[in-house]
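So that you can tell them apart, the chains are marked A, B, C and D in the order they are listed, and the count of residues begins at 1 in each.
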Amino acid sequence: MKTFRYNVVVHWGDTDPAKIVFYPNYFIWFDESTRLFWDSVGLDWDSLAKRYGVAGLPIVEAKAKFLSPSKFRDEIVVESQITEWNDKTFKISHAVLNRGQRAVEGYEVRVWAVPRPDEPGRLKAMPIPAEVKAAFE
Amino acid sequence: MKTFRYNVVVHWGDTDPAKIVFYPNYFIWFDESTRLFWDSVGLDWDSLAKRYGVAGLPIVEAKAKFLSPSKFRDEIVVESQITEWNDKTFKISHAVLNRGQRAVEGYEVRVWAVPRPDEPGRLKAMPIPAEVKAAFE
Amino acid sequence: MKTFRYNVVVHWGDTDPAKIVFYPNYFIWFDESTRLFWDSVGLDWDSLAKRYGVAGLPIVEAKAKFLSPSKFRDEIVVESQITEWNDKTFKISHAVLNRGQRAVEGYEVRVWAVPRPDEPGRLKAMPIPAEVKAAFE
Amino acid sequence: MKTFRYNVVVHWGDTDPAKIVFYPNYFIWFDESTRLFWDSVGLDWDSLAKRYGVAGLPIVEAKAKFLSPSKFRDEIVVESQITEWNDKTFKISHAVLNRGQRAVEGYEVRVWAVPRPDEPGRLKAMPIPAEVKAAFE
């Protein structure tokens, strides 16, 4: 399976009075890394909408374990990999590395969904096409 | 002219390693206060869209002077007032008060605009209706 | 066990192009609710520092399941409760209610920690005092 | 005078239901560009503290004019330049370019300040050393 690496610089505004990253920012970086990973295999959000009628990849679940804090000016790497394909959802695991050490471990579960024709504003989960899964191998 | 008061509690994540509010947050609170002010006179974003075809009130200019810092757990008030009506734009002034002292002074200029029928995704400024201006008196 | 209720208004800037809350914001609201809950029982961050030498309550783990989206102008409630006391850590569970329906379910695990005298900038987990636990009953 | 260029990718979470950048984010990028610019000439926040006792460069004023919106996945450049040196403050101008067009123009005024020895938590503005100014030429 492909692994995507996303470089992040910790900015002043990402940190809190304890001088460490305010934890919700890690989920922002997870979200960014997921999107850039899909971009990198030619499956950007616009293409998903045009080719499959898929409206982004809505989040179902997100989790993180915080192993060690990162500080202002640290240069970290988010390593992302799809670790589980289900019929209509998938799990993407993210590890944040700081100076080669695992600082955060987490994942997101997202769903492959299209707008319901009968109910505007609501979505319906659909089976993930085989070619989409293949793009990450 | 009406004045709107918006109470804000400074949260941990709003502050930086200097233990004071990270300044872009003040603009977030300006934006929130503007929207809540318009809500409070019956001109919420949804009504604007339905009644006038107006797509939000896009920002043209924003400015702030930072007079004294606010800290974690401070309870501040954003006082907002429309201080200038132009033909197609208006200026909304915001003052942040902390323990009765002016901590930040600023403003936003926003435009009354509708989607261009000929160019999807683009907007066209329009004269602000007199009844809209009257709602703030 | 006490339950804390934290009212949140969904602002424009909290939402994304899908017109729903951008998910990391839920973790921001979890963090805010935790802090306000501790405030409400007389155990604010400043008191913790003065009485116990405790430097905030660092995050160890955070998780959320997203059951239904919330939109701009929704008024939601975060219901928080400490659902597990361990020797040096605790679990605080959060449920986000929107129009009475559970929209998000999650939790944070946080640690009771003091600065290490020998290593500046590093923390050491300590047993949570019984009176602290009692404050939430 | 030196010009600093800071590349920014517009992420999903940076944009709002109008599918354009939520404006306070531009001030976040101004702040980041300022800091990275100072880093790039060897005057990072840590060095300022060690060499001059200067505690960051607190914001005094910030302004932006929004000329055209940027969207999700746009790759923009923040061009920053110090355009005014005063005795104790300076003005740093920022232009955001999107596909070569000026999308945002703004500036920050920041102050050179040290902690007051007599009043903990308060700062005192000081003259900016000539060698600091020279580093940007």
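By our rule, a residue touches a chain if its C-beta (ideal position, glycine included) is under 8 Å from a C-beta of that chain, and two chains touch if they have at least 3 such contacts.
Just so it is clear, the model here is predicted, and its values are computed rather than measured.
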Far-end chain from chain C, centres as C-alpha averages: D
Between chain D and chain B, distance of the C-alpha-averaged centres to the nearest whole Å: 23
Separation of mean Cα positions, chain B and chain A [Å, integer]: 32
CA centroid of chain A to CA centroid of chain D, Å: 29
Per-residue multi-chain contacts in chain C, two or more chains: 12-13, 22, 24, 28, 31, 56, 72
Category of the chain touch graph - line, ring, star, complete, other: complete
Chain D residues touching chain A - in the complex, by the definition given at the top: 9, 11-13, 28, 31-32, 35-36, 39, 44-46, 56, 72-73
Chain D contact footprint on chain B (complex, rising order): 18, 22-25, 27-28, 31, 55-56, 58-66, 69
Contact set on chain A toward chain B in their complex: 12-13, 15-17, 19, 22, 24, 72
